[in-house]
Amino acid sequence: MVPDGSELFWGGFGYQRAPIAFAHELVRQNKRRLNIQTCGSEVDLEIMCGAGVADKFEIAFTAIEALGLSNNARRRVTEGKLQIEDYSNLAMAMRFLGGALNVPFMPIRSLMGTDMVKHARFKGDKKLKVIDCPFTNEKICLVPSVQPDFSIVHVQRVDQQGNAQIDGIVGEDVEGSRCGKKLIVLAEELIDGDEIRKRPDQTKIPALYVDRIVILPFIAHPMQCHDYYDYDLEHLQMFHKLTRAEEMWQEYLDNYILGVDDHWGYLEKIGWENLHKLRARKPWGY
Amino acid sequence: MVKYSKIEFLVACASRHVRNDEAVFGGTGMPLLAALLAKETHAPRINLISEAGFIDARPREVPLSVADSRYYYGCSASIGLIETLGFILQGGRIDVGFLGSAQIDEYGNINTTYIGPFDNPKVKLPGSGGGNDIASSAKRLIVMMTHDKRKFVKELDYMTSPGHLQGPGSRKKWSLVGNGPDVVITDMCQMDFDPDTLKIRLMTVHPGFEIQDILDNVMFEIVVPDDVPTTEEPTQEQIDIMHKLDPHGIYLGKGG
Amino acid sequence: MVKYSKIEFLVACASRHVRNDEAVFGGTGMPLLAALLAKETHAPRINLISEAGFIDARPREVPLSVADSRYYYGCSASIGLIETLGFILQGGRIDVGFLGSAQIDEYGNINTTYIGPFDNPKVKLPGSGGGNDIASSAKRLIVMMTHDKRKFVKELDYMTSPGHLQGPGSRKKWSLVGNGPDVVITDMCQMDFDPDTLKIRLMTVHPGFEIQDILDNVMFEIVVPDDVPTTEEPTQEQIDIMHKLDPHGIYLGKGG
Amino acid sequence: MVPDGSELFWGGFGYQRAPIAFAHELVRQNKRRLNIQTCGSEVDLEIMCGAGVADKFEIAFTAIEALGLSNNARRRVTEGKLQIEDYSNLAMAMRFLGGALNVPFMPIRSLMGTDMVKHARFKGDKKLKVIDCPFTNEKICLVPSVQPDFSIVHVQRVDQQGNAQIDGIVGEDVEGSRCGKKLIVLAEELIDGDEIRKRPDQTKIPALYVDRIVILPFIAHPMQCHDYYDYDLEHLQMFHKLTRAEEMWQEYLDNYILGVDDHWGYLEKIGWENLHKLRARKPWGY
C-alpha cells in the first residue's frame, strides 16, 4: 500500500505508542527511499534507517533517550545513506499542525539565530524562512507545513468505523493524524461504536480522517503503550547494544524482523510469557 | 563526610537552582533527577512538565523517556506537544529548562546535532528535540554536562540551540521569548554569565578542583571573578532521595 | 395531494441535494432540518458535523444552536472549532455546506453582515459566523433563502462570503479550497450556476410559479436555459419526518 | 478586577457555557469601554452592548441563532455606540490560537476575495493582511493574534488549584483560555484535586494558566451548560422579545441585572423551581 519514495508522518513519541510493527512490515516488504517525518521517534527510526527502508528523515531528534545514541542513524549518516533535515520538536509539531489546517506554513519563535536556519539539506531554501512580521515588525520564523502521503498512527482502541481513542499523552499525533493524505490507524483493540458514542469527548481521531485500520496486539513492542503494556527494557537494551556494530545489527534484523513471517511470528519469538509480564497495571498504566 | 559520585554531585547542584512554585521542564536523565530531588526537598510545589504532554507530574519511578507512562499517574493534565512546547513554553510560562550539551561556546550556545563539518559530519548526535525550543523560550536555562575540554569550544561545529548568541542584544534581535542560559553545571564547577558581556564566568569550583583546573579545561577565555567560592556539597539526604528515585541506578549508575 | 408550507417545500428540496456518505455542515434552522431529513430518508450515512465541535451527530431533537447539547449524545467525537472549521473544513473534507443569505448577487456572493453602507449601516445582520469559512472551503455550497426581489441584487452592500466572486478563475486567484455555490434554493425556484460564466441560472421552478415570476423577482439578469422543469414536490413521508424532527414547530412554524 | 477599557476573550459558544453571570456582574459594576473578543457569543454580547459596558466587539457573529437577530447590537451599531470588527469563526479561533502560541499571526484560507478584507473599523490596517506565501506563492490571509488582558471562560468543574474540566464541545475555549494575559475561570462545581489527577486526560485547562476561580451554579442561565442544565427557552424568548425596543430592554436590565445584588439574587428572581426543571438528564446532557 505504501509505494517506494513515499513521505510518512510517523506517530508516537519517545517510548510511547511507537508503530514498531509497521516499521517491521515495511522492512519485510523491502520498501525503499521513504521519507519519515516525526518529532522524536527512536527504535522505529533505527529500524527503518538501519534496514535501508528510509533514506530521509525530517525530524527533531534521534536517540534512545535514557539508553543513549541512535547507532544505526549515526552510521547511516556517516555512510551518506541517510539525510536528516533537522528541526526542533515544536517546529515539527507546528509543521504537522499547518498540514492538518491545510495552510502552507506556521509561525514559530524557535530556531532563529542558530544553525538550524543557516544549514539545510534536501529541503534547500524550503526548509524554513525568517521574515519580518507584517504586524509587529519583529523577526518570526515560518516553517513549511507537511502533508505527507501517509500518516501512521498507533492508538489504543478503534471502532469499526475508525473512531480512535488515545490514552495518556497524544504527543503530536492529533495534528499528525490529520496532516497526511491517507491515514493508517494501528490499534491494540477493536471496540464497538456504541462505546465510542458513549464517550465522544475521548475520541482523539474521528473516523472521517481514517483510511485503513489494522488491529494487532503489542504493536509498540519493545516500546510502551499506555494502559496496555510497559516497555521491554531488557529487549530494548539488547536492541541498543546490537545496533553498535553493523554485523550485530544485521543479526538482529535477520533474527527478529526478516526471519519471521509477520507480527505474530515476531511476538512468538519474543515469547508470550514475556509479553504478558509487560502488561500494564492499574492505576499506573504501565 | 558525605561520599558522592560525580553524577550525584551534578544532580544535587542542579536541584538547588530550581525554586519553589516554578514551572520546570524535566525531560529525562540528570535534569529530571535534579527536578524531582528539588520537589522532594526545598521546592515541593514545582510544576514538573514533560514536553510529551504531562503537566504537574509526580512520577513515583524515574521515567526513561519524556513520553514514559511513569509520568502519567498523578499528573494534573495529559495533553500533547502543542500544549507544552507551544502554549506553555513559547507562551513564556516555563521558568526553568534544562539542557545537556555536546559542545558549548563562551556565550552558552549549544551543539547537540553534529560533531564535524555539516557537509561531512563525523558523528550524528541526537539533534535538538525540544532543546532549541527550551533554549529559545524558557525564562532560565540550566545547562548540565560532564566537563571535557573538547566540549568547551571557541567555535561550535553546529549551533543547535541559542545561548546568548553573539552577546548583548542578539537574543532580542531574534525576538526570542526567554532570557537564555543562566548557569552551566559540570562535574568540576558551576559557571554563570557576566551580565555585561554575557560571556561564561566561573561561579563556584567543586571541592577537589582549583580555578586553574577549569582554565585548563576550556578552549576559550573564561571570566574569573575575584570571589570564586567552593560549591556546596550534596547532603546525605539528597543522595538518599536520589537513590530512592532511581533505585535501579539507571541514571546514577550501579555503583551509586 | 400533499399539502405543504413554503418552509417545508424548501427543506424537502434542499434535502435532495445531500448525497449519502457525504460530510455535511448542518448548522441550525432549515439547513439542519434538510440534513436531518436526508439522513432519515435517502442518505442514512451522512456525517453530520456542527462547527461548534460535534462530529457524526445524531440528534434526536432539533438543536437551536450549533453548540446545543442536543448535538452531543450519539455523536462520535466532541471537540472544538479548530477541529471542525480548521482540520475538517479548511482541510477540504466537507462535501456540503449550507448558508442562508440576506443578499446574493449574480455570482452567488453572499451578504449576511450589513444592510446599507459600511460606514453608516442601516441594519447590522449576524455577520459571517462560520459562513465565510464554509463558503470558502466546502466542496459544494447550498444557499437557502426566502425569495424577495430586494435580496437578489446587482451589487451587495457588503460581501461577507465568497460565491464565485467575479466569475471564472477568481476563486482560484485567492486559493480558496472549495468550489463555491452549487445551488440556490428559494421558496419560488431552484437556481444553479452556468458552468462557463458562473452566473446564476434558473434550474427548476416550484409548482405554482412561472419563469416570469422569477425574472420579475431578481434585480439582475438571470440565465434561463431552454429546459426549466417544475421542482419535485415534497412527499408526505418527508413532511411527516420533518415534523417528527421539529415537533414543537420551532423551525417549521406552529401552523405546520 | 477588570479595569475600564480592557480587552476580554469571552468564552462559550452559541448556547453553550456562556459566562452570563460574569456579564451581569460587569454591568452591575458599571464597567465601560470593554472590547469583547469571541467567535459567536449571543445573549452575553446583547447584555454587554445593551448596558453600555462594551463599545467594541471583535467577533464573527451576533444573533440568538434560531431565535433571530441580536436587537441590542443592531441598535447600538446604528446609534454609533458599538463598533464591530468583523471576522469569521475560523479567523477568530485562529487569532486565539496564535495568541495562545505567542506568535503574532496565523495563516488562514478564509476571508480572501470578500469585503472582510477590504473594510476595517478600529483595527485599520491591522485587521488582517493578505500576502503571497513565501513557500508556495499562493495567496494566504494572515490574521493577527490576540492576547487580551483577560480570558473569561466558563467550565463545568475545577479543583482548588484551578485545573478545569469541560464536558461536551470546547468551541474555541482551549485556545481562548490560553491567549489572555490573565485567566478567570467560572465553574459550576468545585471538585477535589484527586478527582482531576485520576483522569488527567480530561483536564482541558491546566491550573498553570488560571489566575482566578469563581464557583457559582447556573452561571450560563438562560443559556446551557452541558451535563448540568438546559437553556431556559421561555426566558430566552422573553429576553429576545424585550430587546426589540429600548424601553423594554431597559426594563429587563433594571429587573434582572441591576435590580439584584448579585448572581444569587438573579437566581432567586428566576426561581429555584424553574432552575431545577432545567437540570440535565442522563445520558443526554441537557
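A few notes on this one:
Every chain is named by a letter (A, B, C and D) in the order it is written, and numbering of its residues begins at 1.
Simple rule for what comes next: contacts are C-beta pairs under 8 Å (C-beta built on N, C-alpha and C of every residue); 3 or more make two chains touch, one makes a residue touch a chain.
All figures in this text were calculated on a predicted structure; none of them were measured in a lab.
Looking at subunit C and subunit D, the chains in contact with each of them are A. In this assembly, B is the chain whose CA centroid lies farthest from the centroid of subunit C. With centres taken as mean Cα positions, subunit D sits 41 Å from subunit B.
Subunit C has its Cα centroid 57 Å from the Cα centroid of subunit B.
Separation between the centroids of subunit A and subunit D, computed from CA atoms only, is 38 Å.
Of all residues in subunit C, those touching 2 or more other chains are 54, 72-73, 78-79, 82, 86, 90, 177, listed in ascending order. In subunit A, the residues touching two or more other chains are 101-103, 108-109, 138, 140, 168, 201, 283. Taken pairwise by the contact criterion, the protein chains fit none of the simple patterns, being neither a path, a ring, a star nor fully connected. Inter-chain contacts occur between A-B, A-C, A-D, B-D, C-D.
Across the complex, subunit D meets subunit B through its residues 100-103, 161, 163, 178, 193, 196-197, 200-201, 203, 206-209. The touching residues of subunit A, when paired with subunit D in their complex, are 98, 101-109, 126, 129, 131, 133-136, 138, 140, 142, 144, 167-168, 198, 201-202, 283.
By the touch criterion given at the top, residues 12-16, 39-40, 42, 59-63, 65-67, 69-70, 73-74, 77-78, 84, 86-91, 93-94, 97, 108-116, 119, 138-140, 168-175, 224, 226-227, 230-231, 233, 280, 283-286 of subunit A touch subunit B in their complex. By the touch rule above, subunit B contacts subunit D in their complex via residues 23, 47, 54-56, 72-79, 82, 86-88, 90-93, 177. Across the interface of their complex, subunit A is touched by residues 28-29, 50-54, 64-73, 78-82, 85-86, 89-90, 109, 113, 118, 121-133, 136-137, 156, 158-162, 165, 170-171, 173-177, 250-251 of subunit B.
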